Amino acid sequence: MASSAPAAAITQQRDTANSLTEDDLRRLYELMALAKACDEKAWTLHRQGRISFVAPCRGHEAAQVGSAYALRPGQDVVFTYYRDIAVGLTLGMDLPNMFLSLFGKEALVNGGSRHMPWHLCHTGLKLMPATSVVATQIPQAAGAALAAKYRNDDSVTIVYFGDGATSEGDFHEALNWAAIHRLPLVFLCENNGYAISTPVSRQMSVTSVADRAAGYGVPGHIVDGSDPLAVYGATAEAVARARRGGGPTLLDAHMRRLRAHTSDDDNRRYMTPEQIEELRKHDPVDEFRQKLIRRGALTQEAAQHLDDTIREAIDQAVEMAEAAPEPDVASLATEVFGVAAGQLPPASL
Amino acid sequence: MPTFLEAIREGLRQEMERDQRVILLGEDLGEGGVFRATEGLVERFGRERVIDSPLAESSIVGVSIGASLNGLVPVPEIQFADYIHPAMNQLVNEAAKIRYLSLGTFHCPITVRMPFGGGVHGGPFHSQCVESMFLGIPGLKIVIPSTATDAKALLLSAIRDPDPVLFFEHKYLYRRQRADALPNEPLPLGVAQVRREGKDLTIVSYGAMVHVALAAAEAASREGVAVEVVDLRTLCPLDRETVLASVRKTSKALVLYEANRTGGAGAEVAALIAEEAFEDLDGPVVRLAPPDVHFPFNSTLEQAYLPTSDSVLAAIRKLAAY
Amino acid sequence: MASSAPAAAITQQRDTANSLTEDDLRRLYELMALAKACDEKAWTLHRQGRISFVAPCRGHEAAQVGSAYALRPGQDVVFTYYRDIAVGLTLGMDLPNMFLSLFGKEALVNGGSRHMPWHLCHTGLKLMPATSVVATQIPQAAGAALAAKYRNDDSVTIVYFGDGATSEGDFHEALNWAAIHRLPLVFLCENNGYAISTPVSRQMSVTSVADRAAGYGVPGHIVDGSDPLAVYGATAEAVARARRGGGPTLLDAHMRRLRAHTSDDDNRRYMTPEQIEELRKHDPVDEFRQKLIRRGALTQEAAQHLDDTIREAIDQAVEMAEAAPEPDVASLATEVFGVAAGQLPPASL
Amino acid sequence: MPTFLEAIREGLRQEMERDQRVILLGEDLGEGGVFRATEGLVERFGRERVIDSPLAESSIVGVSIGASLNGLVPVPEIQFADYIHPAMNQLVNEAAKIRYLSLGTFHCPITVRMPFGGGVHGGPFHSQCVESMFLGIPGLKIVIPSTATDAKALLLSAIRDPDPVLFFEHKYLYRRQRADALPNEPLPLGVAQVRREGKDLTIVSYGAMVHVALAAAEAASREGVAVEVVDLRTLCPLDRETVLASVRKTSKALVLYEANRTGGAGAEVAALIAEEAFEDLDGPVVRLAPPDVHFPFNSTLEQAYLPTSDSVLAAIRKLAAY
């Protein structure tokens, strides 16, 4: 077991966005700024040829941080997909491990050198192992919620997925399970309007993923996914509802994907220069920063200081990760099975 | 004398008594399932542990995976192995990779029970042998018992195994195989069993075909050919040592299986023998299996499709005379 | 090609049930009575050990006949499932072939001796090959409708499936395709309240399959599936809508499955004696017969005569089919591939 | 000199020009697809023939099947072969069985294009070789070109073939393989190609590994070992004759493939040789393939995972000396 204890990222939960303190607001902003900075660093590293792949989170920071902030790290169960680093950071994933994972080195979490970069996986944080496969995590999340309900342990499960993922059969099957069993489960769609190059208008004939919920007897809500407070509020409410046995909720958080799909993609192939230009005007991290400054919860200086601190921490993590040794090729054969051929399984798992 | 089917039911009951974390889920399970393997279990353990699932295999496996990651030990049933295909993505891309890609920090203790196999007038969608498809997938164990005793003992190990296990139950054996008494202890996975000893020729098989092999071996013995029958019991792990030891002794190998000839587990076993026991071989490694066509409904065709003790005997004669 | 010309089962289509003539009503009844008699014969044959399998249509006759009667046989495209003999009979499938199929003999349609009994398949009638696999036909029907739309031929595609089938991912994926492309497609759910032993209350958390439609932007309607006129009317309307480019419709026809799931099943394991007794009171064929008699469209004598004629035709078909030769085992190897190894495909398919 | 990728694009364009019934469908196809194989085709043929599908593989194949039954000739793309699994049910239970179960009255002319294979830093979900899973499925043809020329010629036959064809395009070859000029005529499916002649030892391979074999053969020739390299080109139909003729000539066989060792197509080829060319063999049938673990992301691990010309050369030396 390679888990580390959850970092003390979040000390307290509050039911609605209104009840958040100024400390909470600053913490939300810090996490968003951290995620943005990690993303920008990764994008640069990729362009410099120092890493081979990254799936950016730019534009999704508000939704990821806002929703994850409504969870109890290490108690609630979290199924992410490949774009969810801000969820991980909010729950307490540390920078050294994140950058080891980005460089494909032997991190003790996220599948180390074997797995795709930034596909989150951390036992202590109950970040269930993410794969690159679209939508498979959704029925799995229903299963985790079923287990929680069976044990009657008051944890809530949340599952993240994109707008494209809703077309897969697995999305439908999972919603149906969740509805039938009234599972303590929050479906959080990071609806950025695109699945790689396919706009949501070719993905579905309704205007919102939330429209799908009623057909299962599940409440569905559209949320402004660029506003961390809106997302926090909606998630906190859905989590509370799930926690008190009210069953699942489908949240459809609308947002923009500010970059190409991944480092392998070029969005200029399917977006006009105007569309790309427009994206630049909608940075949820900048917007929230301005909002907090206007509100007096943050000063320019504090924000600048935070940026510096983050940059330094990231630079250190990059340096460490890049210098970390390559994995031992003998390790290729480990952890295929837990019990060797011809051996009996342990009496208790 | 309990049947193979009762052995399965007993195995499920025993594990559910022993371990609160074991739950069952699948189509029609609550009412006993279409083969009645889970009959009485809902009354004993309640609907929270014996779950009638929606008709959706991908989620039956997906939900099982997720429940296993969150501390349960799910035993999903796929009503017929023919219907595992909708769940292929969850099995191959997810369940199989969890331990490896999480460096062992997570694992996925699910046992997917699947009635399979022909000889029961099931036609093209209730007879298929799909086990071959999983053979090259690292991270999935494949168990195929041929006796009632093994059915229970291997089911115990499968459920206790910390990784995903595909547990194939041959429908033809459900009511035809019986044990004097059922074991209460598990058998390790990856240990083949020599069902009959012989010095002239080895038949390697598994599932219902083991009994066809034994019948043919009996007939061959009356013709003076001593056939050894190796029952693989698990395709993964594959007990290479027992197979190779037998072939080294007899110098002749016939691989008998019920899946389509091409690409089946028989190909793997034949390739293993050809690579590792080449020096000891006194004849070609012969494969006997159904032709590369779909499973037919009509019973005249079904009989022509499946290997029989006669066709095995003919192959024995030919190989023995080589 | 082993097709036979479509029988002249239906001469004319009308848009609404009201426009049906008395001839139409009698024809609907005849088809329902024929399907019922085939089913009863098959059930008897199975109990006598003369056939090995049958999936009964009892209770579904009204929905199957009523809907298929709204189609143009041989022009509209039809995807059925394993319970749909009355659809086949309505379109013009003949008794000799039906009983050859039931006995697993060399019928030239329905997959002959290879395939499961009464899994319909007939090129001339555009009965697309049915399998036993639940829900796979639904996306296929979307594909057929896509082809029709692409060619701009004015055919409509209809797809039949059960309530259980709606839980499969394929149902969802197909609805989504149909909605996005506004396909000329009618989804007809034969909702009998059970999937084998699983009641619809454990299959979904909404009370009607029709509830699912809105989430795709598709109209969904509940129909009385025991009333052939209601089903005819709803289907004719949906077909007309599809034909004029209005896109797909989901019809949820509620009915009762009067027998066990198939000859392999025993419904006494999951239904109370009272529930089973109750089923006996709801025979859609008897009900429609009484209705026509009350209305004066049918006499007792004519109905009796029809029963006799049907019985005779069925007995003849059974006799012929049972005596038909077993297939040649050499035929096992045919029709795996259309082009042999090492051969070039024909220049045009 | 057109690349392998351009050969694919050209093949698609040629067939679409020739036959109005040919349509393309898949994720992101309209914008050229993630590998740009369909770039320019939407401009040429319109969105009715080059369809951006929803993100749902089961329906990509299911819709293709239905369209094919209703007169079209669909060429669906699965964005990565790793994501064929959600469509397994439509392929294996439906497409593969249509001709057989309808006695040939219906058939299903679809060509499922799938970029596949490793060596491209793709990690566990963008590198898999899934072709082995389909090997035992009657009714599915499996085509795996290794050159740009073959890529086009075999794609033409695949599209014209009246039955379902799985067409695997190795991502490593997309931009690395080039042809002098592209053929306009199809090549028959089921005909292997001897890429290099030699008398001492046969390597049977397919896909990107063919080039690894050729590099190793070149190195071996400098050591005086004449290696023959057989490129299968199609796994189904499998050109047994060409394989057996080569092995009968050289008496030594090495099967090289990129799928996991166990259960792969290599097992089938090895079993074939062991059964049919036993008399001619002067050594064990050796298989060289990646280990039975999942495809790793890190490139040091990736290099250790994949067979290389060095590891093949070592195997050649050992077998030649046997």
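Residue numbering begins at 1 within each chain, and the chains themselves are lettered A, B, C and D in the order written.
Keep this in mind: a residue touches a chain if its C-beta (ideal position, glycine included) is under 8 Å from a C-beta of that chain, and two chains touch if they have at least 3 such contacts.
No experiment lies behind these values; they were computed from the predicted model shown.
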Chain labels contacting chain A and also chain B: C, D
Selected interface, B-C versus C-D, where C-beta contact pairs are more numerous: C-D
Longest centre-to-centre distance from chain A, chain (CA-based): C
Cα-centroid distance, chain C relative to chain D, in whole angstrom: 40
Distance from the mean Cα position of chain D to that of chain B, given in whole angstrom: 30
Distance from chain C to chain B - Cα centre to Cα centre, in angstrom: 36
Centroid spacing, where centroids are CA-atom means, of chain A and chain C in whole angstrom: 46
Per-residue multi-chain contacts in chain B, two or more chains: 54, 56, 58-59, 82-83, 86, 89, 93, 97, 100-101, 124-125, 138-139, 292-294
Chain C, residues touching no fewer than two other chains: 111, 114-115, 131, 133, 167-170, 173, 176, 180, 202-204, 336
Chain contact topology (line, ring, star, complete or other): complete
Contact footprint of chain C on chain A as seen in their complex: 167-173, 176, 179-180, 182, 202-206, 211-218
Footprint of chain D on chain C - complex, ascending: 1-3, 77, 79, 108-109, 111-112, 114-115, 119, 121-123, 128-129, 131, 133, 136, 138-148, 150-151, 157, 169-170, 173-174, 176-177, 180, 334-349
Touching residues on chain D, where the partner in the complex is chain B: 58, 82-83, 85-86, 88-89, 92-93, 96-97, 100-101, 124-125, 132-133, 135-139, 236, 238, 259-268, 270-271, 273-276, 278-279, 281, 283-287, 292-294
Chain D residues touching chain C - in the complex, by the definition given at the top: 19, 21, 23, 48-49, 53-54, 56, 58-59, 61-74, 86, 89-90, 93-94, 97-107, 109, 138-139, 141, 157, 160-163, 186, 188-191, 237, 239
Residues of chain A that touch chain D when the two form their complex: 52-53, 104-105, 111, 113-117, 131-135, 164-165, 167-170, 195-198, 202-204, 264-265, 269-270, 326-327, 329, 331-333, 336
